[in-house]
Amino acid sequence: MTPDMSVEVGALQLRGPVLAASGTFGYGTEVPLLERRALGAMVSKGIFLRPREGTAPPRIAETPSGMLNAIGLQGPGADALVRDYAPKWAGWDFPVLVNINAESASEYGELAARLDGVPGIAGFEINISCPNVEQGGLYFGNDPRAAAAVTEAVRGRTKLPVWVKLTPMVSDIGVIARAVESAGADALCAINTFVGMSIDLNSYGPRLSFRTGGLSGPAIRPLAVHLAHQAARAVHIPVIGIGGISSAEDALEFLVAGCTAVQVGTATFVNPKAIAEVHDGVAAFLEAKGFSSLAHLPRYLPRD
Amino acid sequence: MFLLDAPITGRRQVARGMFVIGMQAPEIASTVRAGQFVNLGWSAGPLLRRPFSVYRSDGVHIEVVLKAVGEGTRQLLAMDVGEHISCLGPLGHGFEFGAGTRTAVLISGGLGVAPMPLAARDARQAGARVTWVHGARTAVELCSETEGDEILWATDDGSEGARGTAVAASPDAELVLACGPNRMLAAVAERWPEAQVAVETYMGCGTGVCLGCAVPLQRGGYDRACREGPVYRAADIDWGALPSHLAYAVTA
Amino acid sequence: MTPDMSVEVGALQLRGPVLAASGTFGYGTEVPLLERRALGAMVSKGIFLRPREGTAPPRIAETPSGMLNAIGLQGPGADALVRDYAPKWAGWDFPVLVNINAESASEYGELAARLDGVPGIAGFEINISCPNVEQGGLYFGNDPRAAAAVTEAVRGRTKLPVWVKLTPMVSDIGVIARAVESAGADALCAINTFVGMSIDLNSYGPRLSFRTGGLSGPAIRPLAVHLAHQAARAVHIPVIGIGGISSAEDALEFLVAGCTAVQVGTATFVNPKAIAEVHDGVAAFLEAKGFSSLAHLPRYLPRD
Amino acid sequence: MFLLDAPITGRRQVARGMFVIGMQAPEIASTVRAGQFVNLGWSAGPLLRRPFSVYRSDGVHIEVVLKAVGEGTRQLLAMDVGEHISCLGPLGHGFEFGAGTRTAVLISGGLGVAPMPLAARDARQAGARVTWVHGARTAVELCSETEGDEILWATDDGSEGARGTAVAASPDAELVLACGPNRMLAAVAERWPEAQVAVETYMGCGTGVCLGCAVPLQRGGYDRACREGPVYRAADIDWGALPSHLAYAVTA
């Protein structure tokens, strides 16, 4: 008997705990070899209210068990998203959340208002943690008051689920997590990429045109498990674990460490079937251990 | 697009340090078009897949041509016949061959030979007389496998064919296809704005979802080399903004 | 002609820029196959004033391109260090700095005073960044005032060089770097390990008995290069780069990014000859590029 | 201690899933003592080296015995004769053989056979009559290579030899040497406090500089398995505090 893999993230009922991470799945329309049955939900590429060109190339650099990226949130803007993608999402059998980005709390609110109620859009993931935009991004993620203000601005403009994606570049993630919970977030996503740099020994300068980039991939997994766990200990809303997941065992580390669900990012680049394999692998693990439901997985979540 | 676990079926040398690897990948071999590429991964390899143009196809096997320029290519060249490579493809848009083209010139710098055997095949099928101009630093680095109605060589040191670049050695033609270092392609764009060129960028996914392979366009903004490219109308690219010194850029 | 590899770190003249990192070289007495000629300096395993047992096993866990450790600063204490190791160091042809640890600013000062003037001890590296002790450690590294207080406490008790080793677990390393510079540090060491966690799917709990550990190795290199670079931009004293260096190219990334020297840690576990290979590789690089001295290596160090 | 690039010279199977790999490593082969280990690394392998007891030595070659229990051992077993393994050793302190010992029993659980062929050799050299007791879950998992004056078997399912553990099946002797899962060694310690046991821990460096391989001692504090160990007087270890469920622990 296949175990019950469904999870509840706030009011949102998902058929499985494995989600597609923002920026690694495009708008879901171009993903090769997509096996929908395994997808709990998708978070679309980060969007701003207005179109953005993104950063100049080179945009990515490989590092040991990881990659740096500085895409710069290239995107078509909210109007094009509503026109070109949302109608397609409306017909899909899994929810799509939009990863929203802005340069001020009020602009976050404006963007949420523009997208609220559009068929096909099931919720929002607030990105307060993008390391690759000059203003905004990380700043909101570092400061509990700013993070709360952004959350409130969005919360005030929509009844849809609001998730907040945290940055790892803080000295105490629990403080930010609690601030965002109090401000009305339905769930936390932990974590976004770490800021990194790689130097080109031919040009004696950074490999990336943006100079720095966000580190993702297996290299960051132990850091991400720790941070997701710390966030989960700090709040009572669900935490979605992200960072370096490429196998069922990796996903299970986050789930045991207190996460309700997980997102898979970079692994999809390497293996287009990664999400399905992670989903199926978690189910097989539960079955082998005799758990009839993911809810029965033992958790390691001491409360302070 | 297919994801196959392809056994290596053969390997041969075609120039100093340059090798062709053959793999059994029927679904890809039977659908690939000239200029398209595959994204290769293998166990204990680097994190990201590595993109390679499809060099030849017989409908069942595909071949890629490569040199060891870094850890990934070094590992690929150390693999034995019978070992498996995970092969994602065919990817990207290839060359376009208008019917009724009478003359075609293929210009390849160094490893830029990679998409040309399929291009030569298709150009001749489209009815064109094919001239292939192949350049390298020196004679022993010229790929020994070229085909067409006319073959021209160019070497930096004049040790074979014309001294100078492949671009300088090229005649004009109705259809100009080029592949090589981005610097060389910029020179092609200068002379033949309508040429079709296959560019190189770093790639994250190869499938259009990461936006890592940005190609700056003359009209502003960026395209994805893996999806809208890797083949472009030469005049469409903002060559000044396209990095031409990728660590893995092949030399002409 | 072999290039001039010597560097000056404050008042300390080193014959080469490649140093042994604390905790990865023991006390220098048990290092296998040591090639001294290549060693710019050694930093000894972190010590407390009094002996410490360290944490229970398991103490290490491997992760993609990295490892977690929670040794817990096991060590014999200052008296045994002075008795058993310093006399050996006094005969060596490279300087040995002692990595010092404590639970309060005054205890740091006390430890420095105990070791000051002991033949064989060439200076101090203040560890305000150890993730593996219950009190102290990270706390000092997170707070600019606490970091400065510790630095002053040590500075006041010794004329020897004082280096301060920074934690990466901060939202702005520049703030800590400047605080420590103002408090009298001669150099900064960036960085110590990142806090991480790894979950055992048999026991449904952390792999390490200490629960969390410090992540080191190639996985963290892009993050370390970024942080060392940010520190170097923030101050005018030398910065010593640390994190994931296992080849000459890795070391050169830090040197180009503005570091005066580097430390090699985890790589020594994998390859006991790592330090010599890094040193020789940097020399070979300079020679191939036609630089007669490391001082001529181009740097990427824009000042804000 | 030596760091050698050792070519693989052979491989053979000795039980279900259990293989012996031979390497040419003369400096290590000519100095290794029973119970010592080597720390193996290889290109495109995991970050850390992997420790293995030396199984046999002929003065020029060394052998190790292993099963695929994770990615590292899987990769090692996939390597071909002629490929190179970086070999650091000999490491640690081995077994001690007092002169004049008349009877020795060697107790090995599963992969705990690893140090025993050398131990059998040295025990006999020291003049002892050697009894080797080897246990495993089931008959096909018993190592086929055992030696000594008397061989006893034990299997959990009774499919070969005594039903039960190797410890239970052992006679008493003047010298007791044991290797296997830490749980088994704890049972040895209970019965023969003076036994010499070779323990397993995770290791960072294998050379004494990282303190990662802590072995909790009865007298308090920790020793380094790689330096003071891996062989200990059984009564010296605080067995309750030594993790016995390492992911790679061999089963008896």
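All chains are identified by letter, namely A, B, C and D, in their written order; residue positions are counted from 1 within each chain.
What we mean here is this: a contact is a pair of C-beta atoms (placed from the backbone, for glycine too) under 8 Å apart; a residue touches a chain by one contact, two chains touch by 3 or more.
Keep in mind that what you see is a predicted model, and the values were worked out from it rather than measured.
Among the remaining chains, not one touches subunit C and also subunit D. More C-beta pairs touch across one of B-D and A-B than the other; that pair is A-B.
Note: centroid distance subunit A to subunit D, computed from Cα atoms, is 46 Å.
The geometric centre of subunit A is 34 Å away from that of subunit C, both derived from CA atoms. With centres defined as mean CA coordinates, subunit D is found 53 Å away from subunit B. Rounded to a whole number, the gap between the C-alpha centres of subunit A and subunit B is 35 angstrom.
Shared interface positions of subunit A, i.e. residues touching 2 or more other chains, are given as 61, 65-66, 217-218.
Arrangement of the chains shown, judged by which pairs touch: one closed cycle in which each chain has exactly two touching partners. Touching pairs of chains, sorted by label, consist of A-B, A-C, B-D, C-D.
Of all residues in subunit A, those touching subunit C in their complex are 61, 63-66, 68, 142, 169-171, 194-199, 201, 204-206, 212-213, 215, 217-223, 225-226, 229, 244, 249, 252-253, 256-257, 285, 297-300.
Interface of subunit D with subunit C (complex): residues 1, 3, 41, 46-49, 86, 88, 201-216, 220-222, 227, 241-243, 245-247.
Taken in their complex, subunit B has these residues touching subunit D: 44-45, 75. The touching residues of subunit A, when paired with subunit B in their complex, are 23-26, 30-33, 45, 53-62, 65-67, 69, 71, 74, 200, 202-203, 209, 217-218, 266, 268-273.
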